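Two complexes come next, and they have one chain in common, chain A, joined by chain B in the first and chain C in the second.
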Partner chain A sequence: MKNYDLVIHPGDAPSQPRRVELIGCLDSHTVVGFEKSLHALLDEGVRGLVIDLQQLTYISSAGISALMGLTHRLRQNDGELILLKPTEKVNRVFRTLGFTNIFKIVENESEADSSITR
Partner chain B sequence: MATAILTLLLLVAIGAIAALRRKILSLESSLEAREKERRATYDFLDRLGTSLTGGGEATATMEIVVEFAQEAAHADAACLFVLGHEPNAAPILRARVVRGLFPPLHGAGNAKLMARRKFVEELVLKTAIPVGEGPIGIVARRGQPMLIPNARAEESLREAVESGIEFRDLMVVPLVARGEVLGVLALANKTTGGAFNEEDMQLSVAIADQAAVTLDLVRLYRMMAERQRLEQELELARTFQALLLPRTTPSYPNVEFASFYRPALEVGGDYFDFIPIDDHRIGIVVGDVSGKGIPGALVMASVRACLRAEARISDSPKRVLQRVNDEAARDTKEGVFITMTYGILNVETGRFRFCRAGHEPILCCQMMGEAVVQYLPEGIALGLIEGEHFGITAEQEIDLSAERNIVLYTDGVVEAMNGGREEYGEARFHQVIRDQAGNPPARMVESVMANIEDFTRGLPQHDDITLVVIGWKAPRDPGASRVAAVAAPAATA
Partner chain C sequence: MSQNLQDSPVGNLDLDLRCPVDTRVLALMRTMACALAEHVGFDDEQVAQVEMAVDEACANVVRHAYKHLGVSPDLPDDSADEHTRRRCQLHARIQVGEGFLRIIIADSGIGLCNTAPGVESVEDFQQRGGGGGLGTLIIRNFMDEVHYDFPEQSGTILTMTKYLKSTARPADQGGPETIHR
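Up next, the complex of A and B:
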């Protein structure tokens, strides 16, 4: 079983985007916990989510589906999901799938902040 | 096999229980009473057996046990506690079945409410006792029975004694199977004069042993049934998928095909197809559904139907995939997507016009030793977004008569893993293609698969593998220069 961790940074205010760090592997085993934790944040009313992917080493189609689900839910409520600094390997998966056209992927923090602010 | 074990146990138990009951009744001279008890014993064991063969429902079994125990042991009330192991919490005993007016061990308060039997029963069923606490918890911890002939003398039972419900004596016996404590049976207030004694205890222990064995078997049965159900579901999905994949490989004067498909042990969702459109054109598709098991297979079946219908009426791969995308985006569950490459090959000219919906790159290798060329036109996986956003997906053309080989595959090929969790990878894959370019497609397919087998050393596959190689048979035209793939202008939807 590969490793996995999810670090959720405390939010300043409910209206502010929340930052989470996704570490290790997001596959069909780890995706269950991932979805549970993040959908719980959305249940709390979080509308902007920045997922830091710098330490994500692997993502499977199950992981992609999970990100899709979160994006869909956030956008339905006028919110947004930002993917921050994916590694070359993960970015390649996004590019092959054509996800660079669907997901909001940014290379630095300031881009992340401005992408969410409406 | 379980029936044989159960029969054996029944025989042993019948002997044990019958002997004990006879002993207890030896003071009674009435033959009638003894006969009645014997019948009751057989009836109990028979019902236990039935509850097991009927598929095994733990609560029903427990009710049979408590009912019999209460009567056989001449107890006014009985309660069965089950030991539960909750994640991240200490093991705890929860009351599951109660008969008679069993004294509530906790929570008795309001005297008026206590006068109502229903309320008392509900209170008892809410009881949860940590292992080690009071007689119930101690018996669970030690796995040894406990006899309390005078409940009033027992400090740990004070709350129950003062509850207002009659509480004279108590027998507590563990249910132990294969060395594990499954629960505890508590019997209160002997009805036939005097307090519970050692013989009463021995009978209760025999009943509890039988109950434990039965409950253990119920548990095992449930686990086996669940595993069987899952295996059946996967087997069904695999059979279903195999039915939908092509059984024969097409062949033409100028073009030959070779393919390889092998599902993983866990059903994945790969798909490939050859769809003849007319006598000089054939549609070729390779795809990968993200969902697993039956849901994945159903998505694949639906995509296949839509694709085959559209392929016959359209000569634009992009338009075909657009329609498939719209269907998929509408019908599939949240998060399910399909990557796919669909192209139309003119088997006379070698012109291959294709579209890549988020799928692996299309590979070509002109000649042995030449570099592998990757085609990665813009494209989005199917099923994610509806309508015009799919429009960025571009069509591209390859001239097979110049390129000689076209290789289509799914990620199961490059992501095949060995024992060291290393992936087979593009480098190795491309190397085999380079080594085999110019050979018949069947040779190339064989070589790739042999190379993967060699790499994975027989480790079970974790994803479906699909590989399709299209080769141009006609002799190489010396005048043809290498035709650069022409990107068709991105048409608006």
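Up next, the complex of A and C:
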């Protein structure tokens, strides 16, 4: 398993939701590149993001804060950030701290699609 | 890999480390914290809590303690010279005992009391739209005892302890430790 990788799947148009896979650890070291890449997508006009967390092995407060910042920015523009199927370890952190009520978390891709196009 | 300390050939441990303030150190500190938490006998959830608390404590030092000297990942690389960078250190002391893990993270920087205050709750964090300050909330939530000292000279000493649920807290080991720099 890589320490960090981000796979951004191509989209047909900026208005289409984009899917990205977040792999490895999102901590104070890796969050800089993550934020830069995703805010660049939002700068292009993307208003819907699905972040696949199935291979995310660790998230720190810096990572949570980055997700919060993206959520905030997207919602300000009537967009949405969807977190797809976080690993049990990451989901436990969200649950313990109360972020399951703040982030939109879904368990499968069809639910992600319907949440973002709603 | 959960192992009872009594069966361990290593037994009690008292480790002392000095690290550069660099975000690359965080992954190493997490790996070590997990290994020691497993060594004590914590379950997977508790190991993950120790991992995160240690990461947050170290990240606070790396990001904030020496920012006034130009040493922080939030600043450009040329904000401080090599001599200054070498002086800025994270000091970690890790004590493993019967049924507990105590981690002391210290620095000789500006003092956490002089940086932006942490958030009081997740709601507080949400209202701010993210940003910093969540780390101290995580540390308080995930460790059993958390104590901050701010020595007169400079810096912050954070002492945090986690106990195995079935273990009574040893009375003679409850107070804050002195860490010598």
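We take it that the second predicted complex is superposed on the first by the 115 of 118 C-alpha atoms of A that agree within 3 Å, B and C clash if a C-alpha of one lies under 4 Å from a C-alpha of the other, contacts with A are read in each partner's own complex, and residues count from 1 in each chain.
Note that in this section a contact is a pair of C-beta atoms (placed from the backbone, for glycine too) under 8 Å apart; a residue touches a chain by one contact, two chains touch by 3 or more.
Everything numeric here is computed off the predicted structure, so don't read it as measured data.
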| item | value |
| --- | --- |
| Fit or clash between chain C and chain B when superposed on chain A | clash |
| Contacts of A:22 with chain B and chain C, given as first, second, both or neither | neither |
| Which superposed partner A:74 touches (first chain B, second chain C, both, neither) | neither |
| First, second, both or neither for A:49, with chain B first and chain C second | neither |
| First (chain B), second (chain C), both or neither touched by A:92 | second |
| First, second, both or neither for A:38, with chain B first and chain C second | neither |
| Which superposed partner A:61 touches (first chain B, second chain C, both, neither) | both |
| Chain B or chain C, by number of chain A residues touched | C |
| Superposition clash, chain B against chain C - the stretch among 19-27, 163-171 or 235-243 that is involved | 235-243 |
| Doubly contacted residues of chain A, that is, touched by chain B and again by chain C | 28, 61-62, 64-66, 68-69, 72, 96-99, 102 |
| Residue ranges of chain A in contact with chain C within the complex | 3, 25, 27-29, 32, 58, 60-62, 64-66, 68-69, 72, 89, 92-93, 96-99, 102 |
| Of chain B, residues touching chain A in the complex | 288, 290, 292, 334-337, 339, 357-361, 376, 378-381, 384-385, 389, 392-393, 421 |
| Of all residues in chain A, those that touch chain B in their complex | 2, 28, 61-62, 64-66, 68-69, 72, 96-99, 101-102 |
| Contacting residues of chain C [partner chain A, same complex] | 23-24, 26-27, 30, 44-45, 48, 51-52, 55-56, 59, 62-63, 73, 122-123, 125-126, 129-132, 134-135, 137-138, 141-142 |
